[in-house]
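Here is the structure we will look at, set down as structure tokens.
By letter and in written order, the chains are A, B, C, D, E and F; residue numbering begins at 1 in each of them.
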Amino acid sequence: MYITADTIERWIKEDVPYIDLTTLALGIGSVKGIIRFTAREFTVLSGVEEVLKIFNKLEINPTHSMPSGSIVDKGDVFIEAEGLAANLHMAWKVSLNILEYSSGIATRTKRMVDQAIAANPDIAVVATRKSFPGTKELAVKSIIAGGAFPHRLGLSETILIFQQHREFLGDIHALMQELKQLKAKSCEKKIIVEVESLEEARLLAESGIDGLQFDKIPANDLKIMVEQIRGINPKITLIGAGGINESNIAEYAATGIDAIATTAMYFGKPSDIGVKMEKF
Amino acid sequence: MYITADTIERWIKEDVPYIDLTTLALGIGSVKGIIRFTAREFTVLSGVEEVLKIFNKLEINPTHSMPSGSIVDKGDVFIEAEGLAANLHMAWKVSLNILEYSSGIATRTKRMVDQAIAANPDIAVVATRKSFPGTKELAVKSIIAGGAFPHRLGLSETILIFQQHREFLGDIHALMQELKQLKAKSCEKKIIVEVESLEEARLLAESGIDGLQFDKIPANDLKIMVEQIRGINPKITLIGAGGINESNIAEYAATGIDAIATTAMYFGKPSDIGVKMEKF
Amino acid sequence: MYITADTIERWIKEDVPYIDLTTLALGIGSVKGIIRFTAREFTVLSGVEEVLKIFNKLEINPTHSMPSGSIVDKGDVFIEAEGLAANLHMAWKVSLNILEYSSGIATRTKRMVDQAIAANPDIAVVATRKSFPGTKELAVKSIIAGGAFPHRLGLSETILIFQQHREFLGDIHALMQELKQLKAKSCEKKIIVEVESLEEARLLAESGIDGLQFDKIPANDLKIMVEQIRGINPKITLIGAGGINESNIAEYAATGIDAIATTAMYFGKPSDIGVKMEKF
Amino acid sequence: MYITADTIERWIKEDVPYIDLTTLALGIGSVKGIIRFTAREFTVLSGVEEVLKIFNKLEINPTHSMPSGSIVDKGDVFIEAEGLAANLHMAWKVSLNILEYSSGIATRTKRMVDQAIAANPDIAVVATRKSFPGTKELAVKSIIAGGAFPHRLGLSETILIFQQHREFLGDIHALMQELKQLKAKSCEKKIIVEVESLEEARLLAESGIDGLQFDKIPANDLKIMVEQIRGINPKITLIGAGGINESNIAEYAATGIDAIATTAMYFGKPSDIGVKMEKF
Amino acid sequence: MYITADTIERWIKEDVPYIDLTTLALGIGSVKGIIRFTAREFTVLSGVEEVLKIFNKLEINPTHSMPSGSIVDKGDVFIEAEGLAANLHMAWKVSLNILEYSSGIATRTKRMVDQAIAANPDIAVVATRKSFPGTKELAVKSIIAGGAFPHRLGLSETILIFQQHREFLGDIHALMQELKQLKAKSCEKKIIVEVESLEEARLLAESGIDGLQFDKIPANDLKIMVEQIRGINPKITLIGAGGINESNIAEYAATGIDAIATTAMYFGKPSDIGVKMEKF
Amino acid sequence: MYITADTIERWIKEDVPYIDLTTLALGIGSVKGIIRFTAREFTVLSGVEEVLKIFNKLEINPTHSMPSGSIVDKGDVFIEAEGLAANLHMAWKVSLNILEYSSGIATRTKRMVDQAIAANPDIAVVATRKSFPGTKELAVKSIIAGGAFPHRLGLSETILIFQQHREFLGDIHALMQELKQLKAKSCEKKIIVEVESLEEARLLAESGIDGLQFDKIPANDLKIMVEQIRGINPKITLIGAGGINESNIAEYAATGIDAIATTAMYFGKPSDIGVKMEKF
């Protein structure tokens, strides 16, 4: 994930549109100091490289850091850096916010992936594109740090047909008719369709679809569907989606699907991270 | 909250860096259709104006919309618009994401504000700057839609002295000594200091500080501190902060403080909003 | 293809960083006029919508236009618009350049697609990502206008393994060993590998790879390879690439591959388009 | 004041949209040279850090520099750096313009602050937001370099009620009625109102307003008003504004107000700075 | 002068990074109102079109406006528009600042041009590129509104050889030797050299230079030089520069030079313009 | 040619909007490697400095590089660098595309310049502004690397009057009448007019025009015209344009014109450059 300098600086300016008035008024800006970020709980780190880029822009020199994806526990210092108080104070909150939100996503992801893998070592946990607009880069970086893969990152390079497309196409038979041409035009991609019933799933599997995404099917129903569809085409890609989260991911992982598409890692409390500065 | 065209378009491109492959491959792009956004639960809307800006960029014409801040309930259609399927599909997910995340913040804010006001009609609920980097504009818009005010939006125009500043200044007496000059230089602002103990609070109140922010003091302890500090200066601004959320905000509102600073509205599930498209 | 206002304006400023000195010095800026774009040869139009966006920014009102993808011939007027001379002169060359370069790509694409389809109606012609940096949006738009599809638009959402990846992985057996896990992690994508020999192609096909891209294999050799690989897996995706252009595309289309990946449409003379302005 | 790389580069490109034709045509670009900036008069420096950022972008290495806020006199060399002639020539004028405009503001600020402080050591000189659009960052940096503080930097974090707001609110009694709720909602800010008459000032002071800004009141009248208003509330913040400049600032400083809000430092001649280059 | 939407919005955000707190806290945002800009003195307008673009972004509808370049006098209303108070307040100061700074430049330019033309009807007044970094577009627009032309806008398309170039080239004979090749390479441009003495001017005129720019030569000395140089080449372009302003421009215009290059219009007080809003 | 970091990063993101999925899925990102760019044919290099900037952004360290303008031949390694596989893969294609397109332009330019100079050592070959929108910086850099100069880079600083201007002005006599004033206003620039007939050329030469650009005149006709026009004014600048390319440039160079304006270098195949990576 390459994050541009422009984005890094937009984050800084979001918090400091002009000056840091408190530091200026106190006259402490030119004192040298150290900043330390410490985990306050089990955390899968994410956003560290971006914080280091912020530090670089603000002439803060890191003396210690652990890369995104590292696992830390209460009390572990994972970034330590030196700079002028003026710069440390500009970097403080934006850095903390990046780390807490990103690591929160990474940590929830890890917990979900661990549960899923325990239930089915071959399953893929893939995160949807339902991230907060403006945060996709950090969101994707964080789900990767936590061990998941992206489901689809945007609209440009995958084919996933929703009911919302089929509204413009006609009924399922219209889609089935279109399929041959669609596969020819897009022979480098898998054609995947979201389905809500076994009947649709069957028809599409028989038509040679590459994959099916089941939306909001209870896990025990899904297990039965998976068996039936695998009977038609054992190589078809089967994805479960809709309402899968930490509380039920193991159950879904055990249904025999290939992948779990979920958004649950994006929501919830940011990780709790402590920051301390001191005079050098 | 003025959000620039550049930000609006950055959100679009985040989801569609190049093309919408599915719509292109299906050949449905030039069919005309309607899109409708419907609440699936009690929701304080936010982000509507930004979605309308996205629609405008994509030549989608709204036929009905309710402004941010409106309260809707399950089944209420709050945006309806017409356009080409190609454009509706580009607008769909980014619009939904904006609405669900923003309205989620607005709805949580409203619940917190309602509780706080019920306990103390004069209290201000103010949201901190702990929003996900890259989302401040939507975050601030949403807390306003929900009835809160911003605590401080950035570092540039308020004076709030944390322990992290005092590290570079010396002990509390150093700060007290600095205070006269600080008040002269910044006579247009209130000087507010974050404190963690009654003793510090007392010393600063006696020195003529404009406001104190109490960090992570249990509500019943805080009530006693407020009385004592009001005894020193009845006009001082007193703010409670740290760990205040839906479960304890009423209790804090009853302590006699002037304002509650909280970040709790930023986290949690996005609002649940339905989208349907149909052929025109 | 959604092109942002920022890009539209960057194109304008590229040609008019400050003012239009000639028009200013001649004092003709406020005269009203008409501008007309006319094909001078067989042309598949592309870039029209972007020119209309430029016109919109410069308060030039179109009175006639044909969409990208339209086929025009010598003498056909395909854009006509009215505005002030000052604005027409700012729009002139940048609009012409967009139209000539984009339509050049679209026209070459159409000629290649037509030849390929004549030889094999099910073949896909896909354009690679070897476009001039800074022009991907217009390039992709233009190959679509000409009837092709993109091969892969960028690195983010497809898996295409080159020799350059295998350098870091080990020999072909290392790749084959990795394959099962790769397919699990990325079950929503086809795994495609670029190969340069039949032996590699065989080994990978037997290992269950989803697709193979043959680089720089002469068409008659390729035909034989395709037959052999289809014998192993009739559903495998086979792509020909490397040196395919207008002179040999029909021959490659007849080899039995599913898709031709080519860059040849990106190079060559822009379309020849005439522009006339006249006083209104 | 953190100025982004994007702004730094926008300044460079403003002067060099494409190439430096003269240097190119003369063929001197690859000769190594030294550039030296020398004060030609008493100057409070500002903009030095931004020039160093320009140098960094252009691979020019500073060998000596004095920070913004430094005071220099005729003949003092305050920046010296080495680089290729091609780069020195690209950096030359834009650097000089930044230094001359910024230092001009800083120097006028210092003269005003010195006069004001001489008349009243506790007074704050605060610069308004009437800077040339597009220059706020350099303007604010420069007034700080000269010893002033910003009045308000933008609309987002201060409350200053003008006649232009009151037009929409009703007469002064409407404002007074609103005041209690306004103070509750914005308890972290001072509520300041611009007034043009003693009568209004009195009414508002009696209503408990936090501050008053007197617009265009002659200094001797203002002195009398200040006394009367202090009689009502000795702690109220009183600001003089409107037409205050180098010729009358001392007089205003002596009126007993807490702060002088002025725009006069923004206008006037840039500082006179000499630049010399020589072959290395 | 085409000014991009991005620049327009950057100006807005410079003044309103997040929200307009005063208007929000007063709760007056949704009231409809009128805004009127009125000249308070003789003014050559500039910046009007940019203000209209700001209005457009903020959904403020102009009902009357006079274009840049118009001459107005005390009491003339030159912009009138309607919108919501929330938007009028966001537009107010940034619009006023644009108009006052730009019109100030235009008005000073007009006074200088008028004086110069009175002394010599064929003279060109050209403004240098010594504008405040970040303001070139408005600066250039304004000098054109006032009747001047740009000298050179940037480094990219003119050849003007300064002493700073000659440092890297050698003495005047080195330059003279280079001249033939320079004229061949750049035959579409005039080659102009800045000179500080008659001797240099003579040598260069005899070598066939296209133009000379005299730096800081007193007007009466310059007159004599001009005659002598014209004796060598009557068609040579002669430019006076350095310290020319409203007080001496007529004198310089009478020396026989072709053009006066000056920066004096950029400095000085902004125009004085009144703004009033009222409830609709 | 100063190319901003923003442009460099836009090129990277054009190819990697989010992540490099193949490298991520293969798990090879953290392996160290070397990348080498090798010429496969006679090539005038261009774009090298931009590739080095991309490398710098991606923490790839160059160990060898040859500057733009260098001439290389088959087998010459001209860039070699080390970095992590993750970064090498992100840099690969965008770097190659920059080098191949830019060097293609430079190489064609060199061939044209060499031919022109052989026919007439004093001739200037100047490239028009007909580059692909979005590529002007690389295009101009490349024609300079190949030994040409830019004709005009944009509209802002040269006066070149086309038929498209004259439409708004009237017939040729209207232009001739305007000429005196035009030369006064723009005395620092050459006034150049594009003509299509000898008659117009004569009239304008007699009126004192500075230069003429002949559009699409066959070389042998042009030769005669040049003689006649030089008879009127031996110092006039004469430019040939329209349809001049590698096949006829020598012929045009021999006509006696001062400059050849051409666009032919912009079109054609990119240079053929090999890239190899290997494990470190």
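Definition applied: a contact is a pair of C-beta atoms (placed from the backbone, for glycine too) under 8 Å apart; a residue touches a chain by one contact, two chains touch by 3 or more.
The structure presented is a predicted model; accordingly, all values stated were derived computationally and were not measured.
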Chain pair, C-F or B-C, that carries the greater number of C-beta contacts
C-F
Rotation in the CA alignment of chain A with chain F, degrees, nearest 5
120
Rounded to a whole Å, what is the gap between the Cα centroids of chain D and chain E?
23
Measuring from the mean C-alpha position of chain A to the mean C-alpha position of chain E, what distance in angstrom results?
51
Just how far, in Å, is the C-alpha centre of chain E from the one of chain B?
44
Which positions in chain D are in touch with at least two other chains?
5-6, 16-19, 21, 25, 90, 136, 149, 153-154, 156-158, 185-186, 189
Contacts from chain B onto chain E in the complex sit at residues 1-2, 4-6, 136-137, 140, 144, 149-150, 153-154, 156
Where on chain B does chain D make contact in their complex?
122-124, 126, 149, 151-154, 156-158, 184-190, 192, 211, 237, 239, 258-259
Footprint of chain E on chain D - complex, ascending:
7, 10-11, 14-23, 25-28, 31, 33, 85, 89-90, 92-94, 97-98, 100-101, 129-136, 138, 154-161, 164-165, 167-169, 178, 182, 185-186, 189, 267-270, 275-279
Note: in the complex, chain D contacts chain F through residues 5-6, 9, 12-13, 16-19, 21, 24-25, 57-58, 90
